[in-house]
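Heads up, there are several structures right after this.
There are two complexes below, and they share subunit A, which is joined by subunit B in the first and by subunit C in the second.
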Partner chain A sequence: MPETAQLRLALITLLALLTGASGAFADEETYLMPAAFVAGAFAGSPPDPQVVWLVGDLGEQAADILGHAPNNLRERYWLRNGRSVWILEEVGKEHPFTVGWVIEDQKVIDTKVLVYRETRGWEVRYPFFTRQFEGAGLTAEKQLDSRIDGISGATLSVRAMRRMAELALLLNGQISRKHAAN
Partner chain B sequence: MKFVQKTCLSAAAALLVCSLPTQAATPSNEELYRIIQQQNQRIGSLENELRKERGAAAAPNQQVLESKVKAQQEQINALADRQEAPSKLDKVSIGGYGELHYNNLDADDRDNDLDQLDIHRFVLFFGYDWTENLRFYSELEIEHAFISGDDDSPGAVELEQVYLQYDLNRSTSILGGQFLAPLGILNETHEPPTFYGVERNDVENVIIPSTYRVGGAQLTHRFGQGFQVDLSVHEGLKIDAENPGDAFRIRGGRQSTAKAAANDPAYSVRLKYSGIPGVELGGAVQYETDASQANNDALENGLLWEVHSVINRGIFGFRALYAEWNFDINDDRALANGISAAQISRGEKQTGWYVEPSIKPFEKVGFYTRYEDVEGARESDVFDQWELGLNFWPHPDVVLKFDYRFRDQSLASQSGRDFDGFDLGLGYQF
Partner chain C sequence: MRRTSRRKTTLLRRSHYWIGLGLALPLVMLALTGILLNHTDDLALAQRHSSQNWLLQVYGVQPVAPETGFRMNGLWLSHARSHLWLNDQILGESANPPTGVALLDGLIVIAQPDHLRLFTLEGAQVERIDLPARITPLGSIASSEGKLLARGKGAMLITDSNFLQWSNFSGPWPGANQPQALPLTLQQQIAEQLAANTLTWEKIILDTHSGRIFGPWGPWVLDFVAAITIILAITGCLLWLRRKR
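Presenting the complex of A and B:
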């Protein structure tokens, strides 16, 4: 077979691989639905959701953490026995991604990336990365008190994760004080 | 009391009517917040009235007031729902980056001195998502700020990327169009705040010709919680194999998908692992079926391989890369073109490597040093260089850079290009 014909055959084979790859590559990654994440945080029996408004001083503090006005005027949360769950969204580089946060005693005790839409930085979905947030709290300056090592090529997604963690801890502090006062 | 109550309810109703007349136009956050504050005041007022009514044991009026309060709360929630509802603009993404450079380099031959201010890059990107699985992405770049119609114009307008990408599933995606070749460290991620040094390293300029964009198709698959493989078929290089000065220079062979010769494609495979926070280990191979895009000339196929590591743990960082090209060169034809035996030898195997340790003791300041060795085809592309400097990030997306460089040319004929000097840079991304 002439060399050029071999090359064309190789090209066609590779193109076929590219276009027909849906069957060739299994989907190894699974997402947890937000409702399932919330249920899992409360042993399968979640409380009714409540709402905190991100207005006034709280809105300003949230904006300071996010570096922009909050996307939502309200955030839903689930609270029982001092444990709160938050489902937050933030843009990494181009697209918003959705992360669930479980807070207890002003510390992150669990987090999972529920929906990821960015084309890069997918490593933030994996436990080797999210485990770094466990035990993290908030300093007086409203910053995480734990070191989070980044991911090469995913700087913006890592920073978005940090912002969401700080926001979840801020909101948890707010509702904890509110419920304690009641 | 009834008069007071009626007046109160009328005022509340009027306020609602006045505050919600523009359902067709979505209010801004500030407007919505003002409306909510106003309505909260009214709710408070109504609740006070309700308490008074309860005190007066006026049961029928309690129901009216309670229904009013409930209606107002529903109105507020409806407004917030409207504000938080998805918008068509959610499908659009824009961004960009750019960098301004000042170079002050003193060469052994003063004719090679450089004292220059340059808006090196101005890049805007635009994307659109048709669905969660299908998206468009583009980057448009202006290099060197000024473009005119004459040949002396220093600048250029370039498409850096334009492609459609489709997610086959959560682990696998395919793209077609013009994209950045999956090679090295900087070729895909080169926004100024993400790397040290005013100028990009020379290995990923001379050996891996960043920014190296190619037209074709690419499959990306992620597996094993940290591994990624990229397979691509794309236009090949079109490297000069005739002119003695520039022969076998890789960087000059980029076609940038501009009426690119496509009869001799290239194939790239990259494997990288980033399953440890702050760590990326990667390697890639690219095979050029004919690196000059011309049969039976002095240059035939070529093979690039590279390995690299990026490590950022705590305040310490480390980058290293090695890249090597091997080209099949027909010596007789090259010599017939007037290309020297020495340049043929340099062209056949072109290599480069660098190491770059860094430390970031403060959130906004980091220091680095880099040593690199480049063995390219051109006489001026054979050198080693040492540099050191710092980055200052006043904001995570904005960087000020300073570095000092020493370059030592390997060939005696190029000793006049030896230089030392400093660079200043200002960069951003958004």
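Presenting the complex of A and C:
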């Protein structure tokens, strides 16, 4: 085979490998099963799930936070001794990714990216980023009261994480009031 | 000696001018597409689609439509190109085709191998529910007396009306909704919608910038343009130096 043809073949192979690799990144990646996250938040024995409907005033507040209508008309949560767990999904750029949130005393105490489906921005799964949410609460304007530093190249996923944190805190406030009233 | 040098300078200048003229168009194209790519998020280019016939032909996008679907009270649910379709409207993303569908208390329940998705009849998603491990991968679902039955891995489970608790079910399996041939008019409508929602402007601009839109040789041609641009920069510097002398 002439040298130029060999070079061309090598380049095409390299290109095909790179294309294949980028395609692989586009696939869904599960870092932790949602059920395992919920179980972990309650020392292995989670309570029965409950649901909250995002309709009426709560639906409007959720839409204000998300910048679009809520993805689900109702969200499932697990609650025991003032600790609630939420599994939320939000689109960063093109595909929704799944994040678990643990909330206690109106503050985020733990968060983990569970399933990631975007091609870029997966750095939001790393603890150096997720740790920033620990201790975050909601202001009267329904915004996070803690500063969350962004990640270059993951701007949309970072924004989606902020929106999910605000939504989880909003929903937690709602169910806390409901359960206190009962 | 001076005459030879002047001739060289003239040759260099002419080459520089003509090469520059030849590169003007591809460089403008690269610059414009580069600017657009820097602002894909702001311009929401990944969310905007092109339905231009000639572009679809360039990409070889063929009309594809699902041939079968699940029928429920006059509604059709089908799956094509990683999306669930309710009649001719996209219901949501889904990598896998549904394994079963049931209509329950005004909700459409769509079964996937490891989860359920609930939708209103208007197409709004109510919830996505992960299934208990003892019935995944899920075989099929059915409804019985307002409750959902799920079958998989040899086990049958029944859920409460809120889909919160699952318990074993030992009664007779009522039979599941089976896929049927999708009406041809609906197939055509979905094919048209698919064609109109396949190509994003982000992909078109990215492929124009890289040259891939021009075929297999496109990237090589743009590599050549890039190499010539480097030469142009060098000849430009040489001309500047010679003029200074």
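By our rule, the second predicted complex is superposed on the first by the 152 of 182 C-alpha atoms of A that agree within 3 Å, B and C clash if a C-alpha of one lies under 4 Å from a C-alpha of the other, contacts with A are read in each partner's own complex, and residues count from 1 in each chain.
Everything below uses one rule, namely that contacts are C-beta pairs under 8 Å (C-beta built on N, C-alpha and C of every residue); 3 or more make two chains touch, one makes a residue touch a chain.
Predicted, not measured: the structure shown is a model, and the values here were computed from it.
On the A-aligned overlay, A:Leu73 touches which partner chain: subunit B = first, subunit C = second, or both, or neither?
After superposing on A, A:Leu73 lies in contact with both subunit B and subunit C.
So, does A:Lys107 touch the first partner subunit B, the second partner subunit C, both, or neither?
Neither partner.
Examine A:Lys93 and indicate which partner it touches, taking first as subunit B and second as subunit C; both and neither are also allowed.
Touch partners of A:Lys93: subunit B and subunit C.
For the overlaid complexes, name the partner, subunit B or subunit C, with more touching residues on subunit A.
Subunit A has more residues touched by B than by the other partner.
Contact-wise, after the overlay, does A:Trp122 reach subunit B, subunit C, both or neither (first, second, both, neither)?
After superposition on chain A, A:Trp122 lies in contact with subunit B alone.
Between subunit B (first) and subunit C (second), which, if any, makes contact with A:Arg83: first, second, both or neither?
neither
Identify the partner contact of A:Lys142: answer first if only subunit B is touched, second if only subunit C is, both if each is, neither if none is.
Touch status of A:Lys142: no partner.
Please indicate which partner A:Gly150 is in contact with in the superposed arrangement: first for subunit B, second for subunit C, both, or neither.
First partner only.
Check subunit A for residues that touch subunit B in one structure and subunit C in the other, and list them.
28, 69, 71-74, 93-96, 155.
Taking the touch rule as given, give the residues of subunit A at its contact with subunit C in the complex, in rising order.
Residue list for subunit A touching subunit C: 28, 34-35, 48-51, 69, 71-76, 89, 93-96, 155-156.
Report the residues of subunit C in contact with subunit A in the complex, numbered from low to high.
The touching residues are 41, 46, 93, 95, 120, 124-130, 133, 162, 164-165.
Which bits of subunit A are touching subunit B when the two form their complex?
Where subunit A meets subunit B, its residues are 7, 10-11, 14-15, 17-19, 21-22, 25-31, 53, 55, 59, 69, 71-74, 93-96, 117, 119, 122-123, 126-129, 132, 147-153, 155, 159.
Under the touch definition given earlier, write down the residues of subunit B that touch subunit A in their complex.
Against subunit A, the touching part of subunit B is residues 29, 32-33, 36-37, 80, 83-84, 90, 93, 95, 127, 129, 132, 135, 137, 165, 168-174, 185, 188-189, 193-194, 217-219, 221-226, 231, 233, 264-265, 267, 274-280, 289, 310, 312-314, 396.
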